[in-house]
Amino acid sequence: MISFESDYIAGAHPKVLEALIRTNLESLSGYGSDVYCAFAREKIKKACGCKGAQVHFLVGGTQTNQVIVSSMLKSFEGVVAAETGHVSAHEAGAIEYTGHKVLTIPQKEGKIAAKDLQTYVEGFYGDANHEHMVFPGMVYISHPTEYGTLYSKEELEDIRQVCDKFELPLFLDGARLGYGLMSSRTDVKLEDIARICDVFYIGGTKVGALCGEAVVFTHNNTPAHFLTRIKQHGALLAKGRLLGVQFDTLFTDNLYFEISAHAIRMAERLKELLKTKGYEFYLESPTNQQFVLMKDEQLEKFRGKVAYSFWEKPDAAHTVIRLATSWSTTEEDLAELEKIL
Amino acid sequence: MISFESDYIAGAHPKVLEALIRTNLESLSGYGSDVYCAFAREKIKKACGCKGAQVHFLVGGTQTNQVIVSSMLKSFEGVVAAETGHVSAHEAGAIEYTGHKVLTIPQKEGKIAAKDLQTYVEGFYGDANHEHMVFPGMVYISHPTEYGTLYSKEELEDIRQVCDKFELPLFLDGARLGYGLMSSRTDVKLEDIARICDVFYIGGTKVGALCGEAVVFTHNNTPAHFLTRIKQHGALLAKGRLLGVQFDTLFTDNLYFEISAHAIRMAERLKELLKTKGYEFYLESPTNQQFVLMKDEQLEKFRGKVAYSFWEKPDAAHTVIRLATSWSTTEEDLAELEKIL
Amino acid sequence: MISFESDYIAGAHPKVLEALIRTNLESLSGYGSDVYCAFAREKIKKACGCKGAQVHFLVGGTQTNQVIVSSMLKSFEGVVAAETGHVSAHEAGAIEYTGHKVLTIPQKEGKIAAKDLQTYVEGFYGDANHEHMVFPGMVYISHPTEYGTLYSKEELEDIRQVCDKFELPLFLDGARLGYGLMSSRTDVKLEDIARICDVFYIGGTKVGALCGEAVVFTHNNTPAHFLTRIKQHGALLAKGRLLGVQFDTLFTDNLYFEISAHAIRMAERLKELLKTKGYEFYLESPTNQQFVLMKDEQLEKFRGKVAYSFWEKPDAAHTVIRLATSWSTTEEDLAELEKIL
Amino acid sequence: MISFESDYIAGAHPKVLEALIRTNLESLSGYGSDVYCAFAREKIKKACGCKGAQVHFLVGGTQTNQVIVSSMLKSFEGVVAAETGHVSAHEAGAIEYTGHKVLTIPQKEGKIAAKDLQTYVEGFYGDANHEHMVFPGMVYISHPTEYGTLYSKEELEDIRQVCDKFELPLFLDGARLGYGLMSSRTDVKLEDIARICDVFYIGGTKVGALCGEAVVFTHNNTPAHFLTRIKQHGALLAKGRLLGVQFDTLFTDNLYFEISAHAIRMAERLKELLKTKGYEFYLESPTNQQFVLMKDEQLEKFRGKVAYSFWEKPDAAHTVIRLATSWSTTEEDLAELEKIL
């Protein structure tokens, strides 16, 4: 059986694993103070074109969202996000668990619009009772979004302008950032994200690592005593080397970008293959996640042969499924899929 | 420079790494639902001699303490622990962050006594104002303790009796459990712990894994929707295989016990070596952590040659340091140390 | 200037104040253990027609919502409420502060519908990823709602059926309950509420008391150690008598109902007066809060003469205002308003 | 039966009640924005000799401690307090419920010493692992303490110096402040407290009010959006007038100080009476709470005649009880007690 179930079905990219093997018996200090973390930090800062950046490593996506949001908000503030944003819908209330409300605004294909953000924040301050309400304290976006869609550079700049107007930090969840940056239909580069956002993270778990997310604070704005806050969340890894070595490898010789580009090529071929065969798409995604509107007889063909993610059932005769490619998708996987179709 | 700085200075045991390599490209489902997690669960249950046990995998020690304690306590309850317990002193307030007080009782060399526990709980219920106080809701012990010491089976049974009397679950932090079980001076086996405790964990991070702790609920008492609670804490690993493969390997062919026994042998030789050379010990530890009371001229010899952990400065002329062995300590390390001494 | 600004502009009903004076120098024990709290409990249980009810007194509405919701939910659960529900919109995140998400569903004039609730809960359990989401753990409704509207008995029964189906406790916020029960257009009695809900509260602050809300658990379902939980929220009043004496008085000789009925009569005359004068209503409210859609020239007449609450500005030429009557509204107030109009 | 059970056995001082009656039907705006709150704020600022002070009103002591501590601490900080401090021992974990640890230091008769505070904070910063620990973020003292004892001006200044050295805000819990200020054995005036502390509160509940504590921030250091934070804690009173009117009265014509002085006179006579009769004291308290070490035959005399608080049982033949006077204690109470003794 071939699998397009998710972008975390395989272990680590072979080069990442090799680096773990190569460094395995070195004696290294803990908690992110080792040399590989230091190397990785420098390479990431360079890749971001942001000398002043501060880079920290965490283990997973929900954890990273939770640590960043709760560390940056004041107690009476909430984070503004799309209704479909990961922090809002799919993190089991990890943000609320830290005492903060997720303030949702409308979305289209997973994206929020600058004008809806502006309307929301203006409405808040215009409300005579706003001192009895949760203050908007930061803005969360995901790129790619939960639907695989991407913001254009202009859309990001527009959101930034609203953030500037109301002094709201902008936080970008890049759990799948590589797949966004390497899309053939984007004008957003890593440097743009570093310039536009106050904080963002570069996903490792879904882009070649066993685990790990690299958090980048772009202008000397790491919350005070961040290591202590990370520890307090139970998120501090004793063997920080595990994250350092992986990111050091991913940011050596463009590996992160190359393997992301591979996944995009695979996704484009997957898309073309499905279109040729008459499959209909739920929405148009320019990244590695493809959402397909399947008739039930089409889905029947996949049974026992293709692993996918069930997404939703829009009506009795159809099912939306997600097919994801990743750095680990092979030509053979696609050839096998073509045979099945 | 040789290092006895901690038991997490190296990567993973080579066999663990080999297993990660061997399984790396298999397509596996996420969040702990893969076959390696299943294999590991079965092997751990067998090793515990506890068929009804429920095994869950988490990433690190503080995280595991936080998730277990906050999932088992009611909101008005706190966890009873030694003043020196890791949950009390060295987790940056991770327990309090989830809304619960750590209720401290006296300790001796890191251990609590059944009678002090009983005095505390009786005192609580005897206080006319106890409804205005935090209720004791569970008991936390570490084994080995933060000072490398061990409970005897009798001491554990006595604590259990007090727990039974007051219906308090007993939780054992086994971040270094292997080194406790393989001590030459213990009568406590893994089966005893599984029988005596309501929940405990088998540390991987410090005993051969890159990361990971195996939580064991011993009598069908996993908190409801535990996966959701783990997610809510930001503690759910997408690639659960990373934990499953490691623990599957550690519990195959007694690896976990063998590498722990190796560390103990190294610790005993380290201790003998130091004693022979006239070094004084801060306390008598039967496990892999040794606390040495160093004169300043003795410490001088280590400079640039032996990495250690500073523990405390009892007076101007002395320093307590910790030297730790682990699965990764070698004969060469000891030979080198002998030369330096 | 006359005031219809809110239903908490005056102090306490004179009879309530008299009772405070009469009992002022009696030596009474604290924290709700005094005889007046006991008397009040019995009278409320009788008024509810619910012998097994358990009655507790708290100080204010947001506090009561926070204490009840956080005491009844498990940590991985949220409370389902209307988007406009007080717990969702106007409590500064008091629910989230205790770690729980407010799960919002659509509303109409402040009310939720049983079928929308059912759709939501079914959708939750139908979602393949629901273990990564916040579980619905209880249902919150307000009666009267934030828009002064009322549920019919049938609507409440329908919501109850959905709650039964999914084993969700039903919680009714009765901050203005008296004004709902005494509406001329309701078929819902206090006994119905006690029968249909798992927990609700009878608002004192807005219905004749200086402060105070009487919480009623209807079937022996007070959370364990509720006094300790109240204390933990900072919500336990030392002089519990202040609440006991007030509610004892309000539930003696039907005072609570009589003064509520007075406010309703005043509201009906206010409504008629405004309609006669050609004023348009934003929505049809059968209780003491009236929402009027004012042209700006109409609003001009009120300046400096009538105190009201600004609600919202639907367009440039109109303003929605709220006029509230209460037990303290007088014939003179209405006569004065008529002159101004 | 006469009662010395606590200092909150009676309602409000008659003048306070009269003011509530007099203002009862005035239409006033809510949430502390009324004129009586404004009057009270001015009078308190004047009494404190601190023009720049900011005064806020809350309902009860535990609530006030919780709101102040959680609003002033950063998430990774805890509050330093005596082991016997109210925030540590008798608030059902209200501080921990907001995510913060109470960091306890030794005490003597309820008081902490500047040198112990210094030792603690120096020890914290001297610990190599302090980034893995809870940072001390503020200092809490109570005056009078939970044992009725008082700090001298010099002791307070010494604590202040340590606070200055480590930039720790100093918070004084004045739940019984009046009884401390009017003691015949104190050199500490309200102006001293306002000068030495960063924030403190003037207790109303135990000194003449039905409820209410007046929080004073002494140098423009009210946490941002404090009203929103209060609301978020469920601590915002709709009818803020209830607090404003009471404190306005208590700070008119020195009422607060006069009634406190009365309680002190009663306490001194109580103490003398007991000493004359050969009763032994558990400790020497210069305020309104007296702790008496009773032989069991002595206690027998009280049965059914004198209400007191049970404190503890130091041995089988003795009991420590607390007898409290207050503004409401009368000459008759003492005469009656004398008869019983």
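By letter and in written order, the chains are A, B, C and D; residue numbering begins at 1 in each of them.
Note that in this section a residue touches a chain if its C-beta (ideal position, glycine included) is under 8 Å from a C-beta of that chain, and two chains touch if they have at least 3 such contacts.
Remember, it's a predicted structure, so these values are computed and weren't measured experimentally.
Peer 1: Between A-C and B-C, which chain pair shares more contacting C-beta pairs?
Peer 2: It is A-C, judged by the count of C-beta pairs in contact.
Peer 1: Based on mean C-alpha positions, I'd like to know which chain lies farthest from chain A.
Peer 2: D
Peer 1: Averaging over Cα atoms per chain, report the distance between chain B and chain C in Å.
Peer 2: Using C-alpha averages as centres, the distance is 50 Å.
Peer 1: Between chain C and chain D, what's the gap in Å when you average each chain's C-alpha atoms?
Peer 2: Once rounded, the distance between the two centres reads 33 Å.
Peer 1: List the centre-to-centre spacing of chain A and chain C in whole Å, with centres computed as mean CA coordinates.
Peer 2: A distance of 42 Å separates the two centres.
Peer 1: Do you know which chain C residues sit against two or more other chains?
Peer 2: Those would be 75-76, 91-93, 97, 99, 131-133, 228-229, 231-232.
Peer 1: For the complex, give me every residue of chain A touching chain B.
Peer 2: On the chain A side, the touching residues are 1-3, 5-6, 8-12, 14, 17, 20-21, 23-30, 59-67, 91-94, 97, 205-206, 210-211, 228-229, 231-239, 241-242, 307, 328.
Peer 1: Going by the contact rule set out above, which residues of chain C touch chain B in the complex?
Peer 2: Residues in contact with chain B: 70-71, 74-76, 99, 131-133, 135, 224-225, 227-229, 231-232.
Peer 1: In their complex, what parts of chain C are in touch with chain A?
Peer 2: Interface residues on chain C, with respect to chain A: 75-76, 78, 89-93, 96-102, 128-129, 131-134, 309-310.
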